[in-house]
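In the two complexes that follow, subunit A is the common piece, with subunit B as its partner first and subunit C second.
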Partner chain A sequence: MTPLDWLTQLLEMLAALAAAPLFVGWINQCRAWLQNRSAPSILQPYRAIRKLFYKDAVLATHASSFFRVAPYVVFGAMVGAAAVIPSVSTRLPFSNAADAIALVGLFATARVFISLAAMDVGTAFGSLGARREMLVGFLAEPALLMVIFVASLISASTALPAISEGLATRTLALYPSLAFTGVAFVLVLLAENARIPVDNPATHLELTMIHEAMLLEYSARHLALMEWAAALKLFNYACIGFALFLPWGLATGDSPNPGTLLASIPVLAGKLAIAGAALAVIETVSAKLRVFRAPEFLATAFLLAVLGLLVHLLLGA
Partner chain B sequence: MDQLTYWIEQAKPMPGAPGVCQLEVSVETWQQLARDIAADGGRLLALWVDCEPAMTVRVAFLTKSIVLVLALAVAESSAGYPGLADSFPAAARMQRAAADLCGVRADDFDTRPWLRHAAWPTRYFPLAPERQAFEKTEAVSDEYRFVRVTGDGVHEIPVGPVHAGIIEPGHFRFSIVGEKILKLEERLGYVHKGIEQRFTQMQLLVGHRLAARISGDSAVAYSWAYCQALEGMAQVVIPPRAAWLRALALECERIANHLGDLGALGNDAGLSFGLAQFSRLKELWLRAGEAAFAQRYLLDFIVPGGTGMDPSVNGLSGLVTCAGMVGATASEIRTIYDEHAGVRDRFTGAGIVTPELAARLGLTGLAGRASGQSFDLRVDLPCEPYTSLSVTKVWRSNGDVAARVEVRFDELSESLRLVEQIVQQLPDGHHLVDVAAPAAGTMGTGIIEGWRGAVFIALTAAKDGLIGRCHPHDPSWQNWPVLEHAVIGNIVPDFPLINKSFNLSYSGHDL
Partner chain C sequence: MSNSSIDLQLLNAFASLLLLLSFAMLSQRRIVTMVKLLAMQGMLLGLATLLLAVRTGQNHLYISAALTLSLKALFMPWVLHRLIKRLGVYWDSEPLLNITVTMLAGLLIVIFSFGLAQPIAEFANTATRSAIGIAVAVVLLAFLTMITRGKAMSQVVGFLSMENGLFFGAMSASYGMPMIIELGVALDVLVAMLVLGVFFFQIREQFDSLDLHHLEKLREEK
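Moving on to the complex of A and B:
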């Protein structure tokens, strides 16, 4: 590991922190345009986060210290996840410490903390949201693992940088197995990030919320961290998608030079712009599913991932 | 039913809305008649208590031929009167509200307060003539007893009165298992403003302004109903042009509300595209209305004796042009709603009220028409100018959210057609005549089919041109209790959608 690798690692984490709210702002902007509304500024999520950091935090009387710690844990987990996902370079020193399965575990940790914190205050909505989050989570995780397994089998590694390096440096070939898992991954991404059709990030109806219901009792810096963590999670998922299915344009190889590193940044921005626009299209043309359709939705994701696995094992493609 | 026909023949006509007759009854006849009317398929329109000159309980029924108002004198306020909740379940809350305001109780089993919310002392009755001023004390929790559901895994979710979004306050107590709703109990009254007491301090000739502000989305319906009652009492016949202009305003209000609701329903199903489109249409419609009536929401358009202004020819033709555009665009969006699998899945089968249940509970207005209760005052008991407008009645019998959406779409296009027809056939002449305050003691009623259902006003004149009593009644009174039944067996996250499909008034109900 060279000093440049460590610099890359630092740069990538900072880029994730900075770009995540921008990505959310971009999606919101695209959504507004598609719905014939005038769009908020792309910087709106930053303003919201800044505003929240200036406010005084209000805590429920019955909140335990767990409730106060949870935002930091959730935020930390998302930053940690950003550290092992190859978004600009595959030479990440931290990624030796955690492979893709550990990454899923990191997401699960965040989920457990956010759900327990929601139940900690004892309001009806917190428990309702936590219950639904767990329902979505326990169905989404196996599907995500299955998606990662397919890519691991192709490149014979469970470390994300190795997977994307393996996929990026092969001769260009179409993998039918990856096509199946790609669709499965998009479904998981929608469900895990509280997007339509599983959840509605823009809703103000407390009875229909999943993710938002768990944040109802948070305010000020705690809420800011939770919102930022949610943006980071979406950014991370997008980058996992790029690493598995669109690995081209990453700085790869054993001795990357600063030139390829710099070149990979606009490539990432381009991918995010397209992914954000595509996400906005999906969210605009779909209605929200009834909560009890969510298991069907995620079962479809799991089934597609398994199909991808079978295609790979049986056909070797 | 001969007995019923006999009593109807005995009733004396009341001034105001067409086909309203009043009958003074004894306690025995009161109950018997209520049972007969219920058996005959009659509907409860309103129930209220007049404290002056003598304590009298009045109830308005919509029978097959007329609106029959029964008046029952209550000798002593402590004695109470026989409740009607057995024959008409919707009467229960009206009786409880009347008890809070006037201190006269029905003998039905539910004696919990309805409007009072500990805002004033228990022995204080805002409408009673001998009421005494009281010290304003801090609001306290009055330990309202909700009906408890017990069983394995049953738990309660209290929602409101403060909500996550900016909506009116109401409290909803859900008893659920998992996501399934076993029981919903509503508690309303949080926006009680003392409107009925305020009326008694106003002049008869300005009361229409307060009436228009009872429930802002039904301003035209309320102010028309008020003026209808007042004009009947003063024996004034308004010029034909004024009546036609009022109908135009009423249809404009219906269109604006339906446009808003259709957008909000799409949004609650997660399709914010629908909200964006319908919000745009509603705004264009309100602007066309502003060009015609010089007001976006027609709060002061209807005045005693006619209308406050006469729209210009340009304004009216602008309204017709806009109606054509709105109709075309709305039918395009309707196709999208109809063909969108996700939206259809959310709308169909959610919040079903069967026609049998709707008839038993007295579901009325738009929601009633979606559950087979095909009653529309504009057709069944028309006042001028609906007698010469030939309105097509819209109804469905599925009773789910989809049916309420369809009724809205159909009524929207019917109202747009009516707007064009009214503008084309608008009679010439004056739009306003003078009205003198009627003599003290006269009583009249006004009934207008607002967008939500029949708005009813009972008005009594006092001396010096003051209002003696004005009881405004919103159709939400009948429909709020039905919402509790509509959500049973549905899942919690579908409640906002079902609630929106009814879109009942808090302000018009809490008064």
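Moving on to the complex of A and C:
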């Protein structure tokens, strides 16, 4: 591993940290345009995070130290995940430490901590949100794993950089299995990031909340970290999607080259812009499902992913 | 696989889409959407046949592609839509099992039929032999669709989808059946369709519903 690789690694993590709120801001802006509202500034998430960092934290009387530690753990898990996902380059020193399965484990760690913290204070809404989160999570996780397995089978590796390198350099062919898993991945992304068919990120009605209900007791820097972590999670999922289904434009190959690295940054920005707009369209045209329909939604994702796997095994495509 | 020709890749893609449509039918609550899905399945089947005809240059495949497109993609869905309108049964909800369980059962069926088709595919010498498993899966999924529905209308849709699966199986195993058999089957299905259409009205007249559970009682009650 050369110094340039470590520099790439650092650059990638910083890019994820900096770009995640921007990505959320972009999605919110697109959504506002599509819904004929005047759009908030694209920088709005940064302002919200900055404002929250300046405030004094208020803790519930019954909050244990777990409640205070959770935001840092969740944030750390998301930064760790960003470190192993190839968003600009496939030469990442950290990616030797965790393959795609460990990555799913990192997301699960964050989920467990955020849910336990929500239950820690003992309010009704917190527990409600935590339970729903676990319901969504335990159904989304196998679907995500199946999606990753299909890509791993095609490229014969479970490490994300190796997968996207393998997929980017293969000859172009129709892969029905990848198409199926691509749809499954979008469904999982929507469910895991509290987007509209499953949860509404902008809701103010506690009874329909999943993600927001878990954050109700948080304030100031803790809330800022949680919000930032949520933005990072969405960014990470988008980058996993690019790594699996749109791996072109990444800096690949064995010889490190600052030129390709620099060229891959605008490509990533373009992909993010398109993905954000597409996400906004999906969220605008679909209605929120009843909570008890969410298992059906995720069962569809699982089904599509498994079908992709089976079709790949049968047809080799 | 990546070095195989584009038309074979397209055929494989069509095969996987057929499978996907079968699942969509299995999980569908509305009869109108089911008929639309059936029409799409017929369309895909016709396109796949056409592609295979271009690929192999066999003339009888062109005829069966034309038959499939006209009968299965246009005529039968049209008849079904008319029936739905005349009977006024737009909703055919309540599959007997819940959707998630049905879909998981469907997955097991797919695994079973892929295993079942493995030895058959080894004996076939067509380029499309790997799709035989998908054809078997489509047939069995259509069975499952018929089993999990109580109403006559969706059972007929399942029946027609099963015929699609059989047709696709014959196509991928041996580039289609002999013309005479193909015509015979197409005619049979058409007649069955028309007879069932008449039958629907009879059932509804007798029981005021299209629920086939009423047919399970055979006692004369006066």
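Keep this in mind: the second predicted complex is superposed on the first by the 317 of 317 C-alpha atoms of A that agree within 3 Å, B and C clash if a C-alpha of one lies under 4 Å from a C-alpha of the other, contacts with A are read in each partner's own complex, and residues count from 1 in each chain.
We take it that contacts are C-beta pairs under 8 Å (C-beta built on N, C-alpha and C of every residue); 3 or more make two chains touch, one makes a residue touch a chain.
Just so it is clear, the structure is predicted and the values come from calculations on it, not from any experiment.
Trainee: Look at where subunit B and subunit C land on subunit A after superposing the complexes, then choose clash or fit.
Mentor: Result for subunit B and subunit C: fit.
Trainee: Once chain A of both complexes is superposed, is A:5 in touch with subunit B (first), subunit C (second), both, or neither?
Mentor: It touches nothing on subunit B or subunit C.
Trainee: Which partner does A:37 reach: the first (subunit B), the second (subunit C), both, or neither?
Mentor: Only subunit B is touched by A:37; subunit C is not.
Trainee: Please work out whether A:290 is in contact with subunit B alone, subunit C alone, both, or neither, and reply first, second, both or neither.
Mentor: The first partner, subunit B, only.
Trainee: What is the C-alpha-centre angle with subunit A at the apex and subunit B, subunit C at the ends, nearest 10 degrees?
Mentor: About 80 degrees, rounded to the nearest 10.
Trainee: Give one of first, second, both or neither to describe whether A:200 is in contact with subunit B, with subunit C, with both, or with none.
Mentor: A:200 sits against subunit B, while subunit C stays out of touch.
Trainee: Please work out how little space separates the C-alpha atoms of subunit B and subunit C at their nearest point after superposition, in whole Å.
Mentor: Shortest inter-chain C-alpha distance (subunit B to subunit C): 11 Å.
Trainee: Counting contacts the way the document defines them, which residues of subunit A are shared by the two interfaces, the one with subunit B and the one with subunit C?
Mentor: none
Trainee: Per the contact definition, I'd like the list of subunit C residues that touch subunit A in the complex.
Mentor: 1-4, 6, 9-10, 12-13, 15-17, 19-20, 23, 27, 99-100, 103-104, 106-107, 110-111, 114, 130-131, 133-134
Trainee: Could you please specify the touching residues of subunit A with respect to subunit C in the complex?
Mentor: Where subunit A meets subunit C, its residues are 170-174, 176-177, 179-180, 295-296, 299-300, 303-304, 306-307, 310-311, 313-317.
Trainee: Contact residues on subunit B for subunit A in the complex?
Mentor: My answer: residues 155-159, 163-166, 179, 268-273, 275-277, 280, 340, 342-343, 345-346, 491-496.
Trainee: Taking the complex as given, what residues does subunit A use to touch subunit B?
Mentor: It is residues 31, 34-37, 124-125, 128, 196-197, 200, 202, 204-209, 212, 216, 284-293 of subunit A that touch subunit B.
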